[in-house]
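Order of writing sets the chain letters: A, B, C, D and E. Residues in each chain are counted from 1.
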Amino acid sequence: GGDEESGSSLDALKEQGYVTVGFSNEAPYAYEEDGELKGAAYDIAAAVFNELGIEEVRGSLQDWGQLVPGVQAGQFDAITAGMAITPERAENVLFGEPEMTYGEGLVVEAGNPHDITSFEDIANNEDVTVIVMEGATGIEFLRQSGVSDDQITYAANIPDTFAAVQSGRADATTGTEMTMRMAFESANTEDLEFVESFEQPDVEGVPSYGAAAFSLENEALREAYNEALQTLKDNGTVQELLEENGFHPESNFPGADITTESIVNGDNY
Amino acid sequence: MTKPIVEYKDVHKSFGDVEVLKGIDLDIFPAEKIAVIGPSGSGKTTIIRMLMTLEEPTDGDIIVDGKNLWKMDKHGKMVEADEKHLREIRGDIGMVFQHFNLFPHMTILENCMTAPIHVKGEKKKEVKKRSIDMLERVGLGDKINNYPSQLSGGQKQRVAMARALVMRPKIMLFDEVTSALDPELVGEVLEVIRDIAKNDDMAMVLVTHEMDFALDVADKVLFLDDGVIAEQGSASDVIEHSENPRVQEFLSRFRS
Amino acid sequence: MTKPIVEYKDVHKSFGDVEVLKGIDLDIFPAEKIAVIGPSGSGKTTIIRMLMTLEEPTDGDIIVDGKNLWKMDKHGKMVEADEKHLREIRGDIGMVFQHFNLFPHMTILENCMTAPIHVKGEKKKEVKKRSIDMLERVGLGDKINNYPSQLSGGQKQRVAMARALVMRPKIMLFDEVTSALDPELVGEVLEVIRDIAKNDDMAMVLVTHEMDFALDVADKVLFLDDGVIAEQGSASDVIEHSENPRVQEFLSRFRS
Amino acid sequence: MNYWSFERFFEAWPYILKGLHITVGVTISAFLFALFFGLVWTFLRRIPERHINWIVTWVMEFIRSTPPLVQLFFIYYAWPEIPIVGVTLSPFASAVVGFGIHFSTYIGEIYRSGIESVENGQWEAATALNFSLLDKWRLIILPQAFPPTIPMLGNYFIIMFKEVPLASTIGLTGILHMANSFGSEHFNLIEALTIVGIIFLVLSYPSARLIKKLEVKLNTRFDKNRVIEPIE
Amino acid sequence: MQDILSISQELSRGLFVTISILIASSLFAYLMGFISGLLRLSKHTVIRKFTGLYIELFRGTSLIVQLFWLYYAIPMLFGINLGSNWIIGVIAIGLNYGAYLSEVVRGSVEAVDDGQTEAAIALNLSSFQKMRYIILPQAVRMMLPEFGNYTIQMLKGTALVSLISLNDILYYGNILRSSNLSQAPLIYLVILIFYFVLALPLIFLTRKAEDISKKGVAN
């Protein structure tokens, strides 16, 4: 756990020999399977911290919505959940440089009875309800696409959103494309359908860029992290780890011109 | 000679392995007043509780008014009595307890009225009149709307007697009705019993430690010792002139 | 004439607005046996509880062995006694309660030994010997390792007496020590008290409802009525020949 | 410290209070459910057959000694997956059923101790007066057994109220959930959680006082020294 | 069967956290219960009121709220380093149930028959001796069953620490379920059985305590 307020300094982390990271059990970004932490964001973070001389990375599972408050409360040193950089979040945490990019995905009941292929379709059919993970960017995308608040319900994590659609408590769920696809595959059920023909919403923030995040007080750790990240990007490690986790080079690697600053100031948002 | 209203025929009672009544034979005649005395644990209470159907005998028969209390005829066979059978016979018997057992959630008038109304299905008006009469008789005419908690021990016990009396039993059982009372309150309760004994023609069985009172009221005294009737006879025979050493020893304890 | 060991001087006691003792004057001399009788609520218990420091008088003084029990001298002023002062004087007084108040988590031997060891700091070995002697004297030599719950009421009360006696008080207080007992067990307890009264030279104050016993044991009888000592004198004067109508009425209730 | 913001604190109040009717609604519904189900346990416990009694006792013990949080998860996530009998329940219904069943085992015990607190002498007096079995229960036992249970039942109502926020983990939009969601939108939970604490304190403390008063009143009504022991 | 075994195996990884938190928080709660219970009986109004505040604060709000609050607020507001989540879990559960237990302690001491106090005075025991030799030994006997019951409550309460990301039994159960929804019934059933098995010794101890407390107490 966070042994000091709002995350420890790099030296302290080295001394203690491990770093604690917050994640939200969301494949393929960061999740736990067979007792091990996995996922692209986790793997990258682990590689970066190794590069910084910290061998062990311990996970702290959180509901998505509690990741930012958690890192601020010093419950862990960094968030490694592939969290999308947004201007609002950036006011409350320090983001590292982008590690990946992704669009949105949609999962519905098998056979897609309401024939939903976009957020507009949901907006246009008041009977349809969609369940989203609390604190996810998808909520804002849905709202901007005209979906009313009455249609949106919330769950604390991805498995819960799937459980809700599967048991008929909601008609659809949305999250990042990678998440929806991975969760759909692992759910391994005939009750659900991943909407292949989904149209990405045309709103601010899509596509999203995922990055590690740190407490506002921990500028030094972010700087160190960014430096090591750049090294690993340059030697191809990051790309390798992304591909291993099912990310595609054309669609999921952030362009070199895209920086956290350019996203936060709106140029690339 | 009249027929007894109650007959105990070789009645035994065990609790677990312990036999506390070892063959009781006893006839109770209409209007007879019987006092039961004896050491603690000798089985006095158990004898009358079996008649009140609060305890089932292990062996033997109790016959009430010609009917076997604890057994009944079913298709020609004698089987254990069921609740219906017991309720039929129980109508003849009333009991007053050591700890009064008044119903605390009812006024004392309601205490007296509820059984005649619900058990015998009598008219409320009639029952009320009779209950008030009875409460007046035990000296509590001015308390009818009080709750039991507002009464002294002696008053409570008098209500308990009125409650039993309005049911007009043919036989009344009293189990040490004064032993939970302060010494000063004993007199008033005994006075009421004496009055009932003199003026009613019910049979009465009194378990008591008040020897003077037994001497005064009882036609017959039973001395119970270790589950058997060790001596019986007129009150003065047993209490004043018994030659049985157990009886003498027992009685000596009451002379301090 | 010897000096009294305890003097009550115009002692008053109120609970809330109700004055239950209205000026008690009383001398208790060494070795004197006093019986206190009177109707329920007349203040008998309260009188002795004040001496045992369980209740504080509202007014007046109680002097024990020349020292004021409830007041003490502090820098020349008389102030309310503190715990230390009370403990000092309390050492002379012992009490036996109506409900025994034995310590249920200790054997009866431990019940007797606790106070001498912890209060007087006596040696364990000595205390043990004395306690066993005392328990034998009250007839419980074979029960010393039993717990109170394993004893009958009469036995418990005898333990309570032994427990008070091993403290060797100069004055012993008894509050209706037989009234919570079954009638048959009363005798054995009275027997023990009688024995103590005859053979020890403690002063004793006995609140009791047992008139025969008071007659037998007491040097002096106080009749308390409504918070005042309505009559006092030798036992036979008060119990047998009193002309006070209140006393007569009270005593009549004990003859049923 | 700049983590505490009064602005956010006051902003959060109306937002969180939107969940209050859900929290209170679940509490009341679950309590009614438990009152009824407790009765069922009480009667099951009175079946004289030894084996049935044993089973009922241990089923109650099982429900009582396992975490309500897990039971909620079971009802919400697992129940729908069970073939044939499986039903999908909303978070509200899941919470009502979950807390209802969990607390019914306690309430059943309260009923039982209420009945047992009626002295044996009352049964005997009723027998001596020749009442039928139904009349004994109706006229003598229940009128005495029920009043002394009221304070304990009240206590359990409050205890239950304080457990209901657990259901935010299955998406019940009560006050804790609203606080979490306010917190995740504003990236800070302290003010919101503090408000939830205040709401619970403000509602449960006076109610507990009220019940204490009621208890005293009930105890002085008849000559009862009967106290229903808390079973927790 | 195979499934049950592998589920159990996975869950048992959380046993240590659940049990260690149970033990530590119970000890802490017992301590708090005794301290605050006895302070409630103090002659000093200020001490009594202050202890009362603690008790009402923790009994008046939910354990889950207290847990979250300690988890987020303590480090942020006061900059106090409470150490690991394990310690936060122990403190939250301990303080919460300590408040309940203090009422048990106070109630038991008050429930010792007045006659015992009077007998102790009549034998001239000092206030301390009276408490030490007469009142407490009996009060403790009376407390035992309630302490047992509350320990079972605490066991149930430990399930909450999965919410502050401690790897207890329920944590591993939830992880299992999230990758295997259709097995949810079996997983949760096994979790419930895990807790029940942990509770069993407590249940038997509590029953034993009831027997003990029935003996050796005057009332």
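Throughout what follows, a residue touches a chain if its C-beta (ideal position, glycine included) is under 8 Å from a C-beta of that chain, and two chains touch if they have at least 3 such contacts.
Everything numeric in this text was worked out from a predicted model, so none of it was measured.
Novice: Figure out the least number of contact steps between chain C and chain D, where 1 means they touch directly.
Specialist: So the least number of steps between the two chains is 2.
Novice: If you check the contacts of chain B and chain C, which chains show up for both?
Specialist: Expected: no chain.
Novice: Counting one step per pair of touching chains, how far is chain E from chain D at the shortest?
Specialist: Shortest path length, in steps: 1.
Novice: What pair of chains is linked by the largest number of C-beta pairs in contact?
Specialist: Counting C-beta pairs in contact for each chain pair, the top pair is D-E.
Novice: Using Cα averages as centroids, what's the distance between chain A and chain C in whole Å?
Specialist: 83
Novice: Just give me the whole-number Å value for how far the CA centre of chain B lies from that of chain D.
Specialist: 46
Novice: How many angstrom between the C-alpha centroids of chain E and chain A?
Specialist: 38
Novice: Scan chain A for residues touching two or more other chains and write them down.
Specialist: Residues 69, 72, 163, 166.
Novice: Could you list which residues of chain E touch at least two other chains?
Specialist: Correct list: 72-73, 76, 79, 177, 181-182, 184.
Novice: Could you list each pair of chains that touch one another?
Specialist: Final set of chain pairs in contact is A-D, A-E, B-C, B-D, C-E, D-E.
Novice: Going by the contact rule set out above, which residues of chain D touch chain E in the complex?
Specialist: Residue positions touching the partner: 1, 3-4, 61-62, 64-71, 73-74, 77-79, 81-82, 162-163, 165-166, 168-169, 176, 189-190, 193-194, 196-197, 200-201, 204-205, 208, 230-232.
Novice: Give the list of chain D residues in touch with chain A in this complex.
Specialist: Within the complex, chain D touches chain A at residues 3, 77, 80, 88, 90, 169-171, 173, 180-181, 183-185, 187-189.
Novice: Quick one: in the complex, what on chain A touches chain D?
Specialist: 63-66, 68-69, 72, 89, 91-93, 134-135, 153-156, 160, 163-164, 166-169
Novice: So in the complex, the part of chain A that touches chain E is made up of which residues?
Specialist: Going by the criterion above, the answer is residues 1-6, 22, 25, 32-33, 35, 60-62, 69-70, 72-75, 157-159, 162-163, 166, 186-187, 189.
Novice: Over in the complex, which chain E residues touch chain D? Could you list them?
Specialist: Those in contact with chain D are residues 56-57, 59-66, 68-69, 72-73, 76-79, 100, 146, 149-150, 152-153, 155-160, 163, 170, 173-174, 177, 181-189, 191-192, 195-196, 199, 202-203.
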